[in-house]
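One chain, subunit A, links the two complexes that follow: it is found with subunit B in the first and with subunit C in the second.
Moving on to the complex of A and B:
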């Protein structure tokens, strides 16, 4: 069974948990106490990931680190239909890769702001928040135009992809970093659509949404 | 530009398309945060973005289609008037009528949703948008003050049709007609179109540009047109936000918006006076011998209600009758009641059937709820006898909407005697009809229904007196605790004895009075100037309840259950009296 080295309150670990749940892949969570013990920086954990980051998965001895790498691996291995990581469509795959890159930016801004506030990290909070707003403006416009095209997700596919999973936690938890989503109505609708997907799981800070009328 | 008077105007706060099903939009106007949601019936609610309990943002709440639920402690607020309908921490009590979120005026025009602090104001009327189909363009929040944004928008230029190349000359003209909007018209040989920019004053130094294009482009050019304007506005925003540090931004005065109150209630506090006027909008036979009425407000909006609530109807001949609301939480713009013809009654039902017509105006009380529904039961068993289905119908619809486990048993003479029978078929739930049974057979069926008591089960019974008595006795035998058996009698048929005379001391007002034989405690209190609310005045509905501090009440009502009677700490003042020579009431 896949082992996920995980911390409940980590946005990056949440990406891996989300996709595991949506793909319905049996897995075991190995809690790593990120705060306050900083267990991810311990000598024992650095034997698993010398960078001292979570999440890390151990799939039958195959160790893989970094949230986005884990998303790609899980989608390729466990999604037979290849919707989540559309390797059969070069354009779509390019879109997904570019939004994964974008998600590195939201992690470095929106999620970094959350680390400042919730976990005492010494980043420049205002710079993180301003950077997150710059990216959210771009993403909100992108998602708004997707809606105008009759589409629901970040990439131009009919089904969600790993790009949605990579972006969702940073956006959904942004208020914890002091980044209001009042100015991003399309992003607020997009996060609700993700929360209504089958297999969706929440985490502390992600509030439940109403089901759509049947 | 003349200084705008924000109070006299409505301002856009959202695009109509933003209000997707089961969603809550977050917006802001003059610094006030707003939660905006569309109910399943299409009504748009614009509320202060703040739960009255602990201040949690309601825009983070759950829109269940008829109620907005706060994420923090689950307080539920009703579509339309924002009244609190349920507090999970007090599952057995009806929330006080004063518990209400602040609501604001709402209008829709040009594909936008408008709000403001004046109920009489309407959105601006813009000639350029009146004659053609319009297209709402993407709105854009800008961190810049309104005057600066309006100036910038006056310089906006665009191509009137997407097909035009950028090298074709375009003439642009701006018209600042309204203090919060700019119209820009672009013309070239053979083509002209206008963009009207409405500027939503969100906060000092922050606004939202909401552009509307007229005429709407051909369907094939829609996307490219949207992109053209989004790009041009993005450029303008960059200029405006860059320019801001050198501008002396004069922030708009942050107006205090007064919440709008729905009309009608008038604040009449006590007694049995009517509080509201309604018009009969619809009247129809909903079962054999049962007439249904739909009542709409004469002015303003109807006060909210919860399942189990009833209202008093003041009939033209002076009679006052109580009818349960059958509305589910989806139906908030009318009150729906059902009246069974009682040929041997006091004439109230005859009058309702024969003399009250569509268009007539009736005096009514606001809804009161002395039969509140818990929404935390593992299983809810609703037992209706005849017209007793009315409050249970409201309960069934509420339980069905929330996806809770429930069953409804309807006892009636025949299928044709079941009120709103066709509505029952549309409710997803376990509904059993028991028709044409003798009293013995009814008792047998009731025994089967109440037999399996399990923790967290609750039952609600409404019907003829003997049936309620049987159901209560059977439930007690089957081990149901009294607190899990809820009932509502139509009337109090038990014999009454008003021969006693006693002393009453009022602890709060420090007075004492004497109640003589033949006089009710309620009348005595009213004569002494204590204006206690009342409704049925025969000990069935529970409206005139008072807290007893000392003395032993002589209960003659059918509202309290056995343990409530034995506790002796509350009594119904309309029929109950004193066994001791003296009572001290918390009045």
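Moving on to the complex of A and C:
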């Protein structure tokens, strides 16, 4: 069974948990105590990932680190590279790759702001928040234009892709970093669509959406 | 008065001990920076492992930082910006030899310390916020309980509380009717004594020590003193991490972030007896930081 080295409150680990759940892949969570023990920086964990960060998966001895690499691997292995990571469509795959890159930016801004406020990390909080707002504005406009074309996800596909999974945690947890989503209505609609997907799981800090009227 | 205007802590808050760091995170010869009551603080350790604290005043470099009183208690370093009592409130259970005393989880929360304490006192939120762990719909009823102020210590107590819990602690294997006693020994600190799943004769202690960074921001520090021979430290901390992380977004969505002390400012039901008494107790102590004091005209008048 796949092992996921995981921390409950990590936005990057949540990306991997989300896709594992959506793909309905049986897995085992191995808790790594990020806070307060900083276990991800321990000598024992650095044998698994010399970079000392999580998430990492161990799939029958195959060790893979980095949230986005894990998303690509899981999608190719368990969804045959069809919808979640559309290897058969060059344009779509290019879009997905560019939004994965964009998600590195939200990690460095929105997610970093959250680390400052939650765990006292010594980053420039205001710069992180301003950077997150710049990216959220771009993403909000992008999603709004998608909606005008009848599309629901960040890439131009009918189904969600790993790019949506890579972006969702930083957006959904942004309030914890003091980044309000009040000014991003299209982003709020997009997060709600993700939360209504089959197999969606939340994490602390992600507020549940109201049930749809029956 | 504008409820959002900067607040001055004033006595009695200035004269109390406040938690400012987890002892295990301090290293001799190094300092960490933090905030307390809108002031910048540095915290360190001396050669013997005792905590040290300083006020960072922002004066010209070379000026000696102002030393603050500091003590170690319950796995935390505590300091004061005023004249603190000689000793911090006692938790005698922590001295029992088979107890495990742990700083379990700390997180920044955008809420006032009194709101965080009030939430801790609320049994009613268990089945909703901590579903499947500390409570479970439809077993949502809060049985009646007593609230009293100890005339000797002037601490606030809530007694004879009882609640059904599917997973009361890290060591739980089954649901239980948990007996709770709440104790508020400090305006920003609250603890509960709860039936121990592994020893019927004693109580686990779970405490919340709020470090008020400002009037409406806290570091939410949790501490446990438990009888548990089974769980690892990591398992105990993981349990408290989950529970605290579930509380955080709920607390951050409370409005106003400051706790109104005016009677009737917020609707209360019978199970809110502890919250009502806590608000009155804060008012009687003269606490004006992190709260909206009673007697302020409301917006409609």
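Keep this in mind: the second predicted complex is superposed on the first by the 210 of 214 C-alpha atoms of A that agree within 3 Å, B and C clash if a C-alpha of one lies under 4 Å from a C-alpha of the other, contacts with A are read in each partner's own complex, and residues count from 1 in each chain.
As a convention for this text, a residue touches a chain if its C-beta (ideal position, glycine included) is under 8 Å from a C-beta of that chain, and two chains touch if they have at least 3 such contacts.
Computed from a prediction, not measured in an experiment: that's the story for all the values here.
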{"item": "Touching partner for A:33 - first (subunit B), second (subunit C), both, neither", "value": "second"}
{"item": "A:142 touches, of subunit B and subunit C: first, second, both or neither?", "value": "neither"}
{"item": "Partner chain(s) touched by A:118 [first = subunit B, second = subunit C, both, neither]", "value": "second"}
{"item": "Which of subunit B and subunit C A:176 touches, first, second, both or neither", "value": "second"}
{"item": "Partner chain in contact with A:204 - subunit B first, subunit C second, else both or neither", "value": "second"}
{"item": "Touched partner set for A:3, first subunit B, second subunit C, both or neither", "value": "neither"}
{"item": "Partner chain(s) touched by A:188 [first = subunit B, second = subunit C, both, neither]", "value": "first"}
{"item": "Doubly contacted residues of subunit A, that is, touched by subunit B and again by subunit C", "value": "207"}
{"item": "Subunit A - residues contacting subunit C, complex", "value": "8-9, 31, 33, 35-37, 39, 117-120, 175-176, 178, 204-207"}
{"item": "Residue numbers on subunit A that touch subunit B, as the complex places them", "value": "141, 144-145, 148-149, 181-183, 185, 188-189, 192, 207-213"}
{"item": "Subunit A-touching residues of subunit B, taken from the complex the two chains share", "value": "14, 18, 20-23, 25-28, 33, 40, 60, 62-65, 71, 138, 141, 208, 222-223, 226-227, 230, 234"}
{"item": "Subunit A contact footprint on subunit C (complex, rising order)", "value": "22, 24-25, 34, 103, 105-108, 110, 219, 234, 237-238, 241-242, 245-246, 248-249, 252-253"}
